[in-house]
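Have a look at the structure below, then the notes.
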Amino acid sequence: MTDIIATNQTILVVGGGISGMTAALEAAECGKNVVLVEKNPALGGRVSQLYRYFPKLCHPICGLEINQRRLKQNPRIRVLTMAEVTAITGGEGDYTATVKLAPRYVNENCTACGECAKAVDAEVPDAFNYNLGKVKVAYLPNKMAYPQRYVLDPSIIGSADADKAKAACKYGAIDLDMKEESIQFKAGAVIWATGWKPYDAAKIQPYGYDRYSNVITSVEFERLADIHGPTKGKILRPSDGKEAKNIAFIQCAGSRDENHLRHCSRICCMASLKQTHYVREAYGDAGKSTIYYIDIRAIDRFEDFYAKVWKDPNVNFIKSKVAKAVQDEKTGDVVLHGVNTEGYHRYADSYDLVVLAIGMEPSVMGANLPAEIVSDSSGFIEADPANHAFFGAGCASNPLDVNRAVQSATASALRAIQVVNRVARVEGN
Amino acid sequence: MAKKTYSFYPGCSSQTKASSDNYLKSTNSMCKYLDIELKEVPDWNCCGASIGYAEGGELPRLALSARTIALSEKANPGMDLVATCAACWLSTREAKERMDHNTQTRNDANEALKEAGLVYQGTQNVRHMAEVLVEDFGFDELKKGVKNPLRDLKIAGYVGCQTNRPFGIEGESFENPVYLDNIIEAMGAEAVPYDQKVTCCGGALAFSEPEKSQKQIKDIIESAYDHGAEMIVTPCPLCQANVEIYQGEVNKRYGTKFNIPVLYYSQLITIAYGGTAKEAALDGQLVRSTKLEEIASK
Amino acid sequence: MADMKVAAYICQGCGLGDRLDTAALAGVAKKEGKAALVREHAFLCNAEGVKMIRDDISNEAVTHVMIGACSRRAKTEAFGFTDVCVSRANLREGVIWCQPETDEARETTQEMAEDYIRMGCAEVKKMTLPAGDPAAVTERRLLVVGGGVSGMTAALEASKAGYQVALVEKSGALGGWAAKLHKRTPGKSPYADPQDTPVAEMAAAIEADANIKVYLDAITSKIGGAPGRFEVEISTESGSTATEKVGAIVQATGFSLYDANNLPELGYGKSANVVDQAGLEALAKAAGGGAIKRPSDGGEVKRVVFVQCAGQRDDTGKHLAYCSGSCCLTSVKQAMYFKDANPDIDTVVIYSDLRMPGNGEDFYRSGQTKGVTFTKGKVSGVEATGNQCKVNFHDVILNDQAVIDDADLVVLATGQVPNSGVDIDTKLKAEIAAAGGDNSLMEAYNASQAEGAVKPISMLNLNYRQGPDVPQLKYGFTDSHFICFPYETRRTGIYAAGPVRRPMDMVQAMEDATGAAMKAIQAIENAGLGRAAHPRSGDLSYPIFRREGCTQCKRCTVECPFGAIDEDEQRFPLFNQARCRRCGTCMGACPVRVISFENYSVETVGSQLKAVDVPDEFSEKPRILVLACENDAYPALDMAAMNRNVYSAFVRVIPVRCLGSVNTIWINDALSNGYDGVMMMGCKHGDDYQCHFVKGSELAGIRMSKIGDTLKNMALEEERVSTFEVAITDIERVPQLINDYAALIQKIGMSPMKGF
Amino acid sequence: MSDKYRNNFLREVEEKVEEGHWVKMCMQCGVCAGSCPFGPHWAHPPQEIFMMIRAGKREEVLTSDSMWMCTSCYNCIVRCPRKLPITHIMHGLANYAHRLGIVPKNQPTEHFATLFWNNLAQTGRVNELKLSLGIYFRDGFAQGVKNAMAMQSVGLGMVKAKRLNPMELFGGHGVKDKSGFHAMLKKAREIEDRRKPIA
């Protein structure tokens, strides 16, 4: 039984992405006790799956390294991975959280030496790479994984691989008898930082994500460009592994569309502008990018980045919502059909690869929130007194870029601190 | 399965010796095998189709559908109103949606209906026969009735527009609906994948803009051929007529040698259920489907 | 502190026992490392191994622990002893995982490991346990500069957390920009209609809040001190002054609207009927919900044209290059002023891109529902025609040169210009250049300071050695450069909030102000404990300065990226620990090496590189010193090793806090001790710098550019000292860099300086 | 004083045209323009027409034959991110232009649509033979015979296939309650004119 020492002065942070880590760290570095709950085996969330950030083109794991170091040396934060909140009861200053812990089958003895992975044979789709590749059934979620500890895929249990893995571990780190457990603990305030998920691209039927292998999403494209990704950073298209040098980016894939997501996801324009840089980085002048857009939303100083990309002769902008994509059965190329609305020009343009700038759907949806939580028409948690000491942070509260998500998370930390400080005053300590 | 009864709206083209006479005949046969009773709406009228707009205007067109529904509600209470023609189904369902969602529209319609001594109540669902097959029977159920599987028959399922958009069959995609392919496969034939499944045949403008709509027809048939189809099957009389009738014209215009049979799902099912060529009204084709006729004669 | 007792622990786990002769390593620790206590362990990081160390600490009075196991980035919690000094010899990632598992490689691999043991022992002996700042104090009170919505939010949120606030507003009333608004854009569902501003409500709340003291018509005429102990002098218009002691500061000085007088081509100043967004708000306020009248003659307004991006997103260099992010929302809101009052009024918004992210889309839809029309176009000019205006524009959808010749009102959506005060970096840059012998920038700067030259007014009036305001980013915004760390500030304890940081709307400003208040409170708490803020959060060490050796060269005061060092009355550097971020740039800058940290000093690193066993020049075993930034290069090396990417066995890697902390003496020592080359790996610098200490890697570059003379004196090739920009993702590039460099060294040959 | 970029025409469309109140909701993404099977034949695709309406280009819109190119395939409707009923708006604009009598001369679809309606309005059901003959003879008798001959193979084929009945020429299908049917249509037209009067 995992024991959690938590009181009404503890802050519960749900979600271990950049928003959740930030909220937890800011509160803890203010002397508060925090329990950080993450459903994946490692912290980092969506941003750890990005290759570069706009507009600096720096690497997300750089900031992740700093946050992990802050975490490692801060005893006030208790991290629970492979954990999901199943219920939250009680009220402001006195919540009780129920958390389900999935078995990792690997205990803290693990040194991340990797012998278990060498020993096993079976592979499963690699969720970290959006299933673009495979991992062994005993795996380290990624090179930056924190906790730096291996995981056994549940499918291994009862198989020969399970025994191989156990035999390979010299340190008694593999525990095949681990069971799912459910724990309860107190918290004075809750920060909900469950982030976002890419909108289900298959639902955008005219673009044929479910029918055409060379139509992929922007998040998948990040993995293709990343040196830690399935193609080791080479931009190869799925159908035939050919180098994709002529790439189209379709904006508002799901966003700003009443058939899909009502809201604008804010980040997609900048993400595509950034990704044109990947194409240039990979292929120089041989790399061509075309962006199909309704409005380019490069807000505030991001405009500089847009202006820079705009000047790039290898990047073409077309004001048009693409009507339809068709993948040629023989060549594998994808033809986009539509009309450039600036002066009315029809096009039927062929590309090696088409990237859907996929919209943000709040992961709040479907989570086990206390019933009364107030959220907006898209499901983002609103700042509303009716939510009491339950605060949305980052992309659970709004479609935000990383910088704004971290601001939001920092703000949510203060809101939580206000509550636990009130509790402290009442409890007189 | 218990007998099913529906209020039936055949539509102008599905009348004796009208352009989809064969659709009517085969539908009746198909329903016989499926133990479906169709109670024709007495004195139903034309739906106005979508092309009626120029002279018709919004409310008169709506009144047409309102009248047919009202008659159905009166004569066949408690039943779903089922149409076989895509245009009939679409116009009628659209009219229903508008009257049900807008009180003024509904009142206006009823004010007009009053002149014919009728009233629209909105008590019936308006459905297409394909919906009945897919939803009230389902592919497994449809499969059960097959006595004469349509082996080695490569068919392009051509869904077209109006049975597919804007309503379509529940749960089907507008871009790649699969229900027709599933019916074809259920009958033992092979549904070939091709990229013109939901392309518009230009039917509404077949008369007024022949060269433009015949370009559509050409693309559809070409793709069907390219993907190895020996036959096209559709749920829409306008598509059927258009794609079948104008092949000669298309051949003249484009120097092609198209000669592909275009049939209704109801004809396929009738044959697969052991019906005769006559029951399936195969003689009603301009381009005869010898292969299907052979199977029928087995 | 008790006498030093060093214990060395050598792990045999993770293959160390198989790949290395750990007994020999233990011998090295004992003989050369002079460890009083040496233990090998099969699995050092497990509970039992850790307990063994713990017991030695309590039973054997061990004060210094050298752990020869995995990277300092692994098992950090297990080996995170806080009551003793700890050094980590990286035998796993640093040796066996980056070396080939072959018999031929065994010898060099073992040598590598032995050197790391020597280095670990040498380092730990030079460390002392940070005692914390005895002078640490804190004031649980914040200063908020600026009484707009951002400032009021910061004050109220801090108060709710139980902190006191002094709120300074230069005007006579609270509210700032928001007080000028008729209505605000909605901040909550359903995002359909303009809302009342929160000004009245917030001002009342502040009035009623005993924790908040408000100074109106006041400015901060002087701010000194540091987090936890800022001394603030507040001067009011009446001439009275007050002093406040606060622990931290939130700067919410807001923005000014870009001056529309710069836009005569858009008719501003030529017709009273051409207004900016502030002008329209004033008209709306005056109308008080009634019909807005035409300014020129009070006539009825029948049609209004909104011109987006007026003087913004400008590529001519004449106006603002950036987008202010909030103007689209504002124009839609203002169009609603008209539509809500009278739907028959035509309102046209001419835009190039509508930028209303998130649920701004709902507000856009709402505007359309109300009949606001939108035209994608570029306005070329606005002419006054009597009481109306003629708007010429290119309709890009219809590709028309279009004209609206009877607009009663034209609203120019001009942008936000931050009220950020003095740009101190011009001076800092000049001084850095001057320190490097280049005086041109300094001359330019002096010219700008000459009599008659217009000087910008400071917002804060800090009495910091490096200038009166917070350093600015591009376009004068006092933002953080870091995407992951928006509140990373270059003036610890001072946090910008609202439009002074970045152009933004009210919703974002309130969120930002809450976050800034959070960081201010955190700074207060850290100051009380003498703890560093991120990135070295929790570090209790701080620069210790040996006054007697100081030559008053000022490099430390000039180069500190965080303005932590002032000068005392005798011109000696005056360290403000609470401002310090522990990067060590001052230590690297000091030519006489009088600056150090208890756990990181010229000695801790110098002793390591001297501890390395350098074979003679005939051994064909060169030694290459790698000084790697602990934030990016070092993790990259670790991850390269996890990938089993092999690199030369001749390198010896020492992690440094920042290249900025690299003192040239280390280079000299390395070369004179016979190293054949020195590689310095730091973060990207320049506009998109990634150095976590802002200037560290850049400064290192500047310093190393001057190492050339030293090399000449030693008659060494200049390639023997090289700096590299390395990113944390360079897991394949870094090994390559090392191997290429090793090959280069092979080519130019062994250093002649060996064995002296 | 020009009407350009005034909302006059937009308002007119909102009042007089079927589903016209949707026009203002268009955000100019152009997905409709790209989705139309007859796209290449449109001088002005729907999204552009919506912009022209906002720009007050009344004559250009109403005398355009673009909206007469609509095949009622509903591609635009199902793809429009703002859920505009574009097909119906196109029909509405065509109908409005027709009522105003400013449709381009000999617009074939207008001619056919009118024939079609009159045909069905007569008996309550469409008489396909009369309808097709109506088309062939639109340009006078001689041309009509030519057209009919050209299509006679098809015609005969249809007759052979029992899908065309020469007897239709005399009477044919129809509703029984003709008077009620006609009264209903008359009333519907009345109400329509009341709601959307042509000035």
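By written order: A, B, C and D. Residues from 1 in each chain.
Note that a residue touches a chain if its C-beta (ideal position, glycine included) is under 8 Å from a C-beta of that chain, and two chains touch if they have at least 3 such contacts.
Note that this is a predicted model, so its numbers are computed, not measured.
Q: With centres defined by CA atoms only, which chain is the most remote from subunit D?
A: The most remote chain is C.
Q: Would you mind telling me which chain pair, C-D or B-D, is linked by more contacting C-beta pairs?
A: B-D
Q: Whose C-alpha centre lies nearest the centre of all protein C-alpha atoms?
A: A
Q: Using Cα averages as centroids, what's the distance between subunit C and subunit D in whole Å?
A: Distance between chain centres: 64 Å.
Q: So, what's the distance in Å between the C-alpha centres of subunit D and subunit B?
A: Spacing between the chain centres: roughly 22 Å.
Q: Would you kindly tell me how far, in whole Å, the mean C-alpha position of subunit C lies from that of subunit A?
A: Subunit A and subunit C have C-alpha centres separated by 24 Å.
Q: Using mean CA coordinates as chain centres, what's the subunit A-subunit B distance in Å?
A: Result: the chain centres lie 46 Å from each other.
Q: What are the residue numbers in subunit B that touch two or more other chains?
A: 174
Q: Please set out, as single numbers or ranges, the residues of subunit A touching at least two other chains.
A: Answer for subunit A, listing residues that touch two or more other chains: 206, 256, 319, 324, 341, 344.
Q: What parts of subunit C, by residue number, touch at least two of the other chains?
A: 354, 376, 397-398
Q: For each chain, which other chains does it touch, given as pairs?
A: Here the touching pairs of chains are A-B, A-C, A-D, B-D, C-D.
Q: Using the touch rule from the top, collect the residues of subunit D that touch subunit C in their complex.
A: 1-2, 4-7, 10, 24-25, 27-28, 47-48, 51-52, 54-55, 57, 82
Q: Going by the contact rule at the top, pick out the subunit B residues touching subunit D in the complex.
A: 12-13, 15-22, 43-46, 48-60, 62-64, 67, 108-109, 111-118, 161-162, 165-166, 174, 199-200, 202-205, 207-209, 212-213, 216, 245-246, 248-249, 283-286
Q: Within their complex, state which residues of subunit D touch subunit A.
A: Within the complex, subunit D touches subunit A at residues 27-31, 33-35, 39-40, 44-45, 47-48, 75, 78-79, 81-83.
Q: List the residues on subunit A that touch subunit B in their complex, please.
A: 205-206, 208, 211, 324, 326
Q: Under the definition above, what is the set of subunit B residues touching subunit A in their complex?
A: Spelled out, the residues of subunit B in touch with subunit A are 173-176, 195.
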